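Below you'll find the structures, each written out as structure tokens.
Look at the two complexes coming up: chain A is in both, with chain B in one and chain C in the other.
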Partner chain A sequence: MTCTTSRHGKRFAIHYQLDFIYQKALKMASTFTVLYFASAHTYTGKSEDTVPGPMAISKLFPYLEEKYPGFRKKVLSSCALSVNLNYVDLIEDAEKEIQNGDEVGIIPPVSSG
Partner chain B sequence: MEKFSLGSENLDLRIRIAELERELAEYRSGTVANSNGHATHAVNEDDEDEEEEDLAPQNQDDKAVRLDLDEFRRYGRQMIMSEVGLDGQLQLKRSKVLLIGAGGLGCPAAAYLAGAGIGTIGIVDHDLVEPSNLHRQIMHTVEKVGQPKVKSIISSLKRINPNPKYIAHNYALTPENSIDTLEKYDLVLDCTDSPQTRYMISDACILLGKPLVSASALRSDGQLVVLNNPPGEGPCYRCVFPRPPPPDSVLSCGEGGVLGPVVGAMGVLMSTEALKVLLSKADKKKRRKPAHLSPDIRPADAKDATKKEETPEPKKFYMTIYSAFSETPFRTIRMFGKRKTCQACSPVATITKESMKNGSLDYVAFCGGKGSGKYPPLRKDEIINVEEYNKLRENKEGGILIDVRDDIQFGMCALENSINVPITTILTLPIAPENDGTDGGERTPIPIPSWLPRDASIPIYFICRLGNDSRIAVQRLKKSGLVKGNVIKDIKGGLWEWSRKVDKSFPLY
Partner chain C sequence: MASVTEYPPEPTRAFTGIKSIEDTATNTFVGLTYDKLDINASIDRVRSPKAGAIVVFVGTTRDNFEGKPITTLEYTTYPPLSLLTLSTIAKSLKTDNSHYLHSLSIIHRLGIVPISEDSIVITLSTSHRAEGWKIAEQCLEMVKDKVEIWKREWFVEGGVWRANRDGRQGVLEEEEEDDDDGEGEGGGVPVEYLEQEDR
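Now for the complex of A and B:
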């Protein structure tokens, strides 16, 4: 009796863990992460967002503007952008695609000191 | 950390002290040239001038710099590192470093640079010490409240290390005085607190060929980047952030707040980067000097020569961002090099020493400050309405249509055959001097940007979203004196009017 319950419980735990990993993988497979630094963090009130991908770099700012009205003019217009810790240029790299699982950094210029 | 084996360490120290005292005695008796053993030998390798005994670095250009015994003791802990060594230490002593700003970044940066034995340290600041500074500006103390910051910081630095020569620049850096101020130094640290000074210092460093360590901090965030390093190769501040932040989003530490250790950490990191830049010169000192800014001036064979000497691998550039409260506080972003269209450091740059010195570069306006708040009145013949311009276009008489919105907006929607030159670029155009012949002697010819027509018969039309920036553009281009004889007009009401009166399918936004 005790044997079966413990086996049952173990099975459940494994299922649970697998489910968690699948969920995470599923999320990774269809989204990328946007990290908000400095004033981007202040404006959104978040340190990151999960965004459905893939997405061309040129589409990211309009997407974020829709999510946070006024974001583009107040913050994004002067930001540097990185994809997987590589600086990307909004114009030259406009058509490059952000892949699912990528990590995008929104880096506003900090000028105080 | 050195508790264990105190006995043996004690003995070692005694022996070393005895040695040093013997050397000191020899030094005093004037036989120093031979008594320093390796040290003097190494010094001689790059010193032609033997008579330079004076340690006051008033003549820094002279390479004859050596260390006295006190300095061996003082700097020993860093000199025994392979990254420093005697050569490195001598290089530091030969170096002249300018810190712009004696605040939250400047204080820790200056403290470590002074401690490390930089030969000459200059500090620019025009502020007075305030009580609200003390939580982070660690070189200023309670009794110095009300004193000029440069005076306060130098007195503190002298207590850390009296050896360096300290130079106080007790004034605000302006476009007019920046060239003369920076010129005398080898390396610049931007420890300032506003976007306009950051662009200005970066431009000046590009024009003078000086590497620049730039850092900033606000609240719990910091940024650090080494610019124009090596000079002529690395990106500048404009390459990293081509568009200045909108003025209403810029907060000072007073407005946004700042955590002392965050800005302190950035200042400390700046001093590390500064030492790295200076020490790299020690390694390379027998090589050619860094390539000068304008590659087209160099003869072709010189270009080839540098290529052969340098490692084929391109130098990598990084920016470090610090978010103190993040789970991963430090991130390092790999940068690409210079921006091909950079206003300051690319081959199509329009910023010149002249335009900095004569004050025609309005950094406040560039950063959207009060300077740009007023829109210039234009004459009737400088304005064209959208219907008239549409007729001209239909007759293929549209000339050059320049859209001065930023590149993001231009990318959203634009008129066919229009070219994009953002207003921020136009504001960096030089202003032609009004009265010629006053000091025309050393004036260098102003490069004409590629987007301007060479043919005076081609009219130039400016357009923007609402018709304000395009007015500034008309006036600014005229002031630059770069075009002569062309018709230059503003399209009144901009794309908004265009959409309402000419093409309803053009997006209003």
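Now for the complex of A and C:
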């Protein structure tokens, strides 16, 4: 796609790149990202999803359960949640909103060492 | 049943080399890498003229889980979060033991770690050996308890995600409603026994 042999080609390539950034920014403005690790990654078969926001924390697990039936019982029930690298409390922070552009991590029980 | 020779595909590497956080104020260093761990480098990193001891802990990958043969192991992580957690642990240990702990380094390996190779190296230098042993033990327990790294053990039948301690993190929302159901039902399915499809 990056044809740079002519001025026209170069301009096209830049235009294409700008469009890509614009589309990405547009997506970020209306969605947040959910990252899946370990068992959550295996269950969904994905490393991430983009979810339309904003959304109350209490609505996320039901939303994901609808997308991946059985996910809640088998995986999410033992997971913690991070928003922009900070843990949130699923009960105390239930009504807090996940904002568009946020990065949400589904954190299964850890097993390092 | 899958054949014994079947190995999981090498997972995608999130980065190359070593990703680390070095804190010069507390002389602590934490890192993640997909490469073989360099124990000597970890020892040299914590050398101090004030120290009378360097304690080294090396975690290696075992070939069985309660007698069941494991063919290979794999570690995955959430790099920015696990580095933050590792760094918080290292700094808090330094703060709690500031008079005699001089330097501390924790490196964890990621990706496929073949059996009997090193998955974690903790090195620390202390004024005297007694406190060194104690802090090293404490450090490992904190890492195993908190750091967002996950181990998958591959058996002949496929992979299983292990949990160091079940159900510590998160809240079993469904369990609250299911209180009278007794065990078995509800959200309390231990992740460690959750059979995973071989992807």
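Heads up, the rule we're going with is that the second predicted complex is superposed on the first by the 104 of 113 C-alpha atoms of A that agree within 3 Å, B and C clash if a C-alpha of one lies under 4 Å from a C-alpha of the other, contacts with A are read in each partner's own complex, and residues count from 1 in each chain.
In this section, contacts are C-beta pairs under 8 Å (C-beta built on N, C-alpha and C of every residue); 3 or more make two chains touch, one makes a residue touch a chain.
Model, not experiment: these values are computed from the prediction.
On the superposed chain A, the positions of chain B and chain C overlap enough to count as a clash.
Looking at the shared chain after the overlay, A:G45 reaches chain C, while chain B stays out of its contact range.
Applying the stated contact rule after C-alpha superposition, one finds that A:S111 touches each of chain B and chain C. By the touch criterion defined above, A:I91 lies against chain B and chain C together after alignment on the C-alpha atoms of chain A. Mapped onto the common chain A, chain B and chain C collide along 129-137, the only clashing stretch among 129-137, 147-155, 165-173 or 201-209.
Common to the chain B and chain C interfaces on chain A are residues 37-39, 41-42, 61, 72-75, 77-78, 80, 82, 85, 90-91, 105, 107-113. Listing the residues of chain A that touch chain C in their complex gives 35, 37-39, 41-43, 45, 61, 72-82, 85, 90-91, 105, 107-113.
Across the complex, chain A is touched by residues 101, 103-106, 191-195, 198, 215-219, 221-223, 240-241, 243-246, 248-253, 256, 258, 263, 266, 319, 321, 323, 326, 331-336, 339, 406-408, 411-412 of chain B. The touching residues of chain A, counted against chain B in their complex, run 37-39, 41-42, 47, 58, 61-62, 72-75, 77-78, 80, 82, 85-87, 89-91, 94, 105, 107-113.
Against chain A, the residues of chain C that register as touching in their complex are 59, 75-78, 80-82, 84, 108, 119-120, 140, 143-152, 159, 161-175, 186-192, 194, 196-197, 199.
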